[in-house]
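In this document, chain identifiers A, B, C and D correspond to the written order of the chains, with residue numbering beginning at 1 in each.
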Amino acid sequence: MAEKRRLRVGLVGTGFMGRTHANAYGQVSKFFDSAIAVELTAVCSRNAGKTRRFAEQWGFASHESDWRKLVARDDIDLIDIATPNDTHAEIAIAAAQTGKIVACEKPLGRTFEESHRMADAVKKAGVANMVWYNYRRVPAIALAKQLIDEGFLGRVFHYRSKFLQDWTISQDVPQGGAGTWRLDKSVAGSGVTGDLLAHCIDAAQWLNGSIREVSGMTETFIRERAHVATGKPQPVTIDDASAFLARFENGSLATFEATRYARGHKALFTLEINGERGSIAWDLHDLHRLQLFDHGGKGALRGWRSIHVTDGDHPYMKAWWVPGLQIGYEHTFIHQVADFLKGLESGKTLVPDFETALKTDAVVDAVLRSAQTRQWEPVPG
Amino acid sequence: MAEKRRLRVGLVGTGFMGRTHANAYGQVSKFFDSAIAVELTAVCSRNAGKTRRFAEQWGFASHESDWRKLVARDDIDLIDIATPNDTHAEIAIAAAQTGKIVACEKPLGRTFEESHRMADAVKKAGVANMVWYNYRRVPAIALAKQLIDEGFLGRVFHYRSKFLQDWTISQDVPQGGAGTWRLDKSVAGSGVTGDLLAHCIDAAQWLNGSIREVSGMTETFIRERAHVATGKPQPVTIDDASAFLARFENGSLATFEATRYARGHKALFTLEINGERGSIAWDLHDLHRLQLFDHGGKGALRGWRSIHVTDGDHPYMKAWWVPGLQIGYEHTFIHQVADFLKGLESGKTLVPDFETALKTDAVVDAVLRSAQTRQWEPVPG
Amino acid sequence: MAEKRRLRVGLVGTGFMGRTHANAYGQVSKFFDSAIAVELTAVCSRNAGKTRRFAEQWGFASHESDWRKLVARDDIDLIDIATPNDTHAEIAIAAAQTGKIVACEKPLGRTFEESHRMADAVKKAGVANMVWYNYRRVPAIALAKQLIDEGFLGRVFHYRSKFLQDWTISQDVPQGGAGTWRLDKSVAGSGVTGDLLAHCIDAAQWLNGSIREVSGMTETFIRERAHVATGKPQPVTIDDASAFLARFENGSLATFEATRYARGHKALFTLEINGERGSIAWDLHDLHRLQLFDHGGKGALRGWRSIHVTDGDHPYMKAWWVPGLQIGYEHTFIHQVADFLKGLESGKTLVPDFETALKTDAVVDAVLRSAQTRQWEPVPG
Amino acid sequence: MAEKRRLRVGLVGTGFMGRTHANAYGQVSKFFDSAIAVELTAVCSRNAGKTRRFAEQWGFASHESDWRKLVARDDIDLIDIATPNDTHAEIAIAAAQTGKIVACEKPLGRTFEESHRMADAVKKAGVANMVWYNYRRVPAIALAKQLIDEGFLGRVFHYRSKFLQDWTISQDVPQGGAGTWRLDKSVAGSGVTGDLLAHCIDAAQWLNGSIREVSGMTETFIRERAHVATGKPQPVTIDDASAFLARFENGSLATFEATRYARGHKALFTLEINGERGSIAWDLHDLHRLQLFDHGGKGALRGWRSIHVTDGDHPYMKAWWVPGLQIGYEHTFIHQVADFLKGLESGKTLVPDFETALKTDAVVDAVLRSAQTRQWEPVPG
């Protein structure tokens, strides 16, 4: 396979997201054909020992402990950013400036301003780029997109989406550490709005077009938490919960909500769209199913249909096993790499790229502003 | 409404079934039009005080404490038997001999021989008759029947049905009393086979034709129970659980099972049919839903559809409320009376009548025999 | 039963709601003991022929075609208002002034001002009164209320509720007629806000306390509809869809939504509450089930539990059949009458009474205002 | 990692099962720690070109086209058999005789006699061995096993299990080819009994102890199918459907069923166990969920609980992502390798080994015999 074009990956970050990306790069060629050969060239994180072990375990040929060195290497084609949000902008911009392809975990920056600078940087550099809004690559959601593009819904009236978790309800969860950087505004930028709602918004704008205006509300239920290092209580700076009403450009109404205080829900990302001719619903807890209501056909036999999205004619599923056998969460990342390789081959941009992700961050920004102003806020176009 | 034909009802039995029947006679005219006016003429049970109160509460014009007197009255058109199984044959035969219409709770008799005599009696007397296999009148099951009659399934391969309860698991449940007559073979005839499987069999033969042969197994898990009067342990004489394999005349295979030892299931009557072109499933715990799989249409969009059977174009539902609003268990009895009245008006026999019910008892009989012989047994035709 | 206290009912309205109320008055004594005997004394609606037939069918002793005559009769103890919203205030106030007990369909009036006058009238007259927010009497919701009152949830973080229908999506649905008065603002007062959201709000404030402030949005998707009489297009005056964000007095956040444009949902009233120690969810399409998440116990075994609320130790269910057998929609009205009779016996007020219902209308009013002002609006206390 | 003990794998078979095994060997070290390093030393199948590509894609160091050569190589520690059933015995026995560890796809042989010879061979050779009954490694099933071992169920009354597919319903499915070897008795040994029921039986005996006796029934619905090569119709020699009643040694009753004619079910492997204290249910279409009914606690709050088996304290799940994020089918194979490595490290045998699998084949054998004799058949001990 020596004649194949190579894509030499330099991964920054060895945490939860680092693992999902590393797995995706390692698995993609086993399930998807491509004219491009992905190579795990280097991985980088601050802890040298941990990084070395990560490299061994996942098959990276080398490792670094300073992302600047990684970005400077000329044996690397793609810089993939899987670090906490406060580092996204700096790394992405630097990588773009060296002409490298840039992949970045969502959201882009901590603020709309940071996101803007990142999107500008890749545009100016003219480098290929993508953002890991991985849920677009859930086969059931990809099937929903196909249906919508084919006109299955007709005129859309309603969109609703939630992302419910319950992992921060206890007062005992600390803040300030590596494992809880999502609770620190200075690192994360915001709480659930940027972390969870961003996924909801990305999917929503993909499936239903642009959001025009929002009315938002945020809340911090537990106002002080102990710092993981000092044990001393400190004010919590992020939003624990966030909800908003919205109007889309196509005239449909929406409700959105995310929280880490919904007891009993681990990662319940849901979406539902109601159109003139039918409705579609999905949730992450049973990600291999799509719920469909088709208003056509005989009235007495109408009902919500649960499609087990595991057949060869379902998006991505031909690559996997046989009908009825599920894939899971990690596969969405593999699919994203597979699609990105196809894009690189054909010269077509993979969405979501930085420009698309910026539109998501624009809504995040409007929601956070609206929660302050207590008024409807337009989404900056 | 003086010009309406009258149907003067004499109800025997004031227990659980007595109440469901009384309610059905009282409610039917409020929801279903009929040229026949049902009158609650008399109710009968051994305890005079309780019977009097029952008559007051349910609006019966008179009451008796001896069913022979009730049967002898000439101001009664229909004798409805809602007593324990050991009295069915005697009352039904006597009622038929006086030329009265006879309605009887299922199963007909305690034994196939008793059932045979009952069916012969109504046939000889030429009286209208019906048996309360009420589940045929669940709107969802009636919809299933319509679909099957229209050819929705194509060739049928599989049928499966269960009736699972858990109310006798405790060793502390006594036997020998009025409340537990279902545990006494001398009263009930058999245990779950006649009590629960009979419902499964009735629905199965209605939906899928005759059962040809069976291989059965029964079990009594708790072999001794205290007598409710004496407190002394006595052998349990009925089957706690019963299961059988079957072949239908149409070549399809089946599994059937009933038990009172399935922890977590209160009254889980289920059925599923798999045909060439589609499948149908239903269960009593969510009786207002029909599950449907239609193999037609676009492959990628196939799935099990959950039909909320509450629309005006669903069987029986036009009589009730508006789409989305459920009815429940008691309504199946009201529907049966409504259908029976229609039959009386038109001269058409309502099924299930005694003859139909006898065919159910024939399968019950074959199952119980097979459990003894440990061989396949043909169903007596 | 001559010695029993009598409650002589005069029902105004013979439509959908008239039927549910008539059924409730007729059935209550068959399933619930009371020292008060309900009598169906008179029914009233404008069409004399229809009213006579309704009286015959449901067993009312007499009938009227002018509600003023009904209210003036001294052989009636309770005036029950089951007519369109534009008549509620006038009838209720007149009935109260004659010292009669008043029962009224929800919402009270077309506007907060009308509702206020109604609540003032019954208060001034000192008459017993109730409003038919029947869903409080769904056994599963009553069980939820019990659990919440016992502290099952702990601190509450989130509430969400929806009421989704799809019956007005077609442009062909006309307006202006008796069957579609819910589409006329002059009759109904508002669209889904007063019709559907009112149910959500009543349940919410019962289960989770007062709502403090709201940010709302409404929409009319189909702006013109033919008048049923003239066939000519006329502007649609009501809200087709309505959604709002809310904050409760207890600090919890909420999202609410109602629409008649959610394809595939017939009458999907849902509610979910997330607390520190557990969560509760319910929906009307499977009204006999309560979903429960209990955070106590062994972590690895936690999950959402589906309680089939049909046991003798569940609210109201001892009156009905045996475990596993469902009741439905109409039973909520029977339960409300049973509870109201208990209240009359003991002198305790049944909630929801007019005063409670006024608090619901206060939220409805704030939502409609907020949709105009595009700002957060406080709920008038 | 040079100091690690190596396990050099020689895989026979590059079809569906070859892929799942290759993936398992490749992924295990990325998610599970082990003192043993798995090496993908060689892969073997008859088509040299396909085998070479498979080796490249999956990272095998070498490839063979004759399994005898593979077995003869002394740089291989484990022979893994992922070929059609007619080759299992010959390869496994030969591998054992060279002293190699043997892993084999289920079922062992085509007949109980072949399976016996295979089990004898590994026993005689004293080599470590395992059989790929992968579903034991579904986290939800492993959790069920833990619960049962801790006494969660109490006395067991009922077991039921099904494996329903629908892929052979069309008359157009041919036989005789590589892709349809499961339809040829000479290759597969039997139809769904050995293919699908074997999975049900393995899980059943693991969770609920030995099956004592069975009464079975089999059917071939489509009696002739075209040969894939010649196009000529030939008799179908395998069972399309198979069902049986059973009694376990612990006194519980069971129903089992497998078919490829259940329209709407792709790979619906289900199991349910009812015990005195609780019940457990699971199905493969939502494999990440365990259904649990616990009879303990407050009666009014009992219900079936749906456990989303994705937490760190669930079996195997600590190795994967975060709570709420699913894994899928392929992971069961990875878990089996991880467990096998642990067994090799500690010297403890992994179950299911050949001896365990032989007990499954004993039940398969009894079922097929019973379908012929039409009588209950004891399971050979």
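Convention: contacts are C-beta pairs under 8 Å (C-beta built on N, C-alpha and C of every residue); 3 or more make two chains touch, one makes a residue touch a chain.
Since the model is a prediction, treat every value here as computed from it, not as a measurement.
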Chain whose average C-alpha position is farthest from chain D's own: C
A-B against A-D, pair bridged by the larger set of C-beta contacts: A-D
Whole-Å gap between the CA centroids of chain B and chain D: 42
Intercentroid distance (Cα basis), chain B paired with chain A, Å: 55
Centroid distance [mean C-alpha coordinates] between chain D and chain A, Å: 36
Chain B, residues touching no fewer than two other chains: 265, 302, 304, 308, 311
Complex contacts: residues of chain B adjacent to chain A: 143, 147, 290, 292, 294, 299-308, 311, 313-314
Complex contact set, residues of chain D against chain B: 157-158, 160, 164, 166, 169, 215-217, 219, 221, 241, 243-245, 247, 251, 253, 255, 257, 259, 261-265, 274-279, 293, 295, 302, 304, 374-376
In the complex with chain B, residue positions of chain C that touch it: 1, 16, 20, 23, 26-27, 29-30, 56-58, 165, 167, 265-268, 284-289, 308, 310-311, 320-331
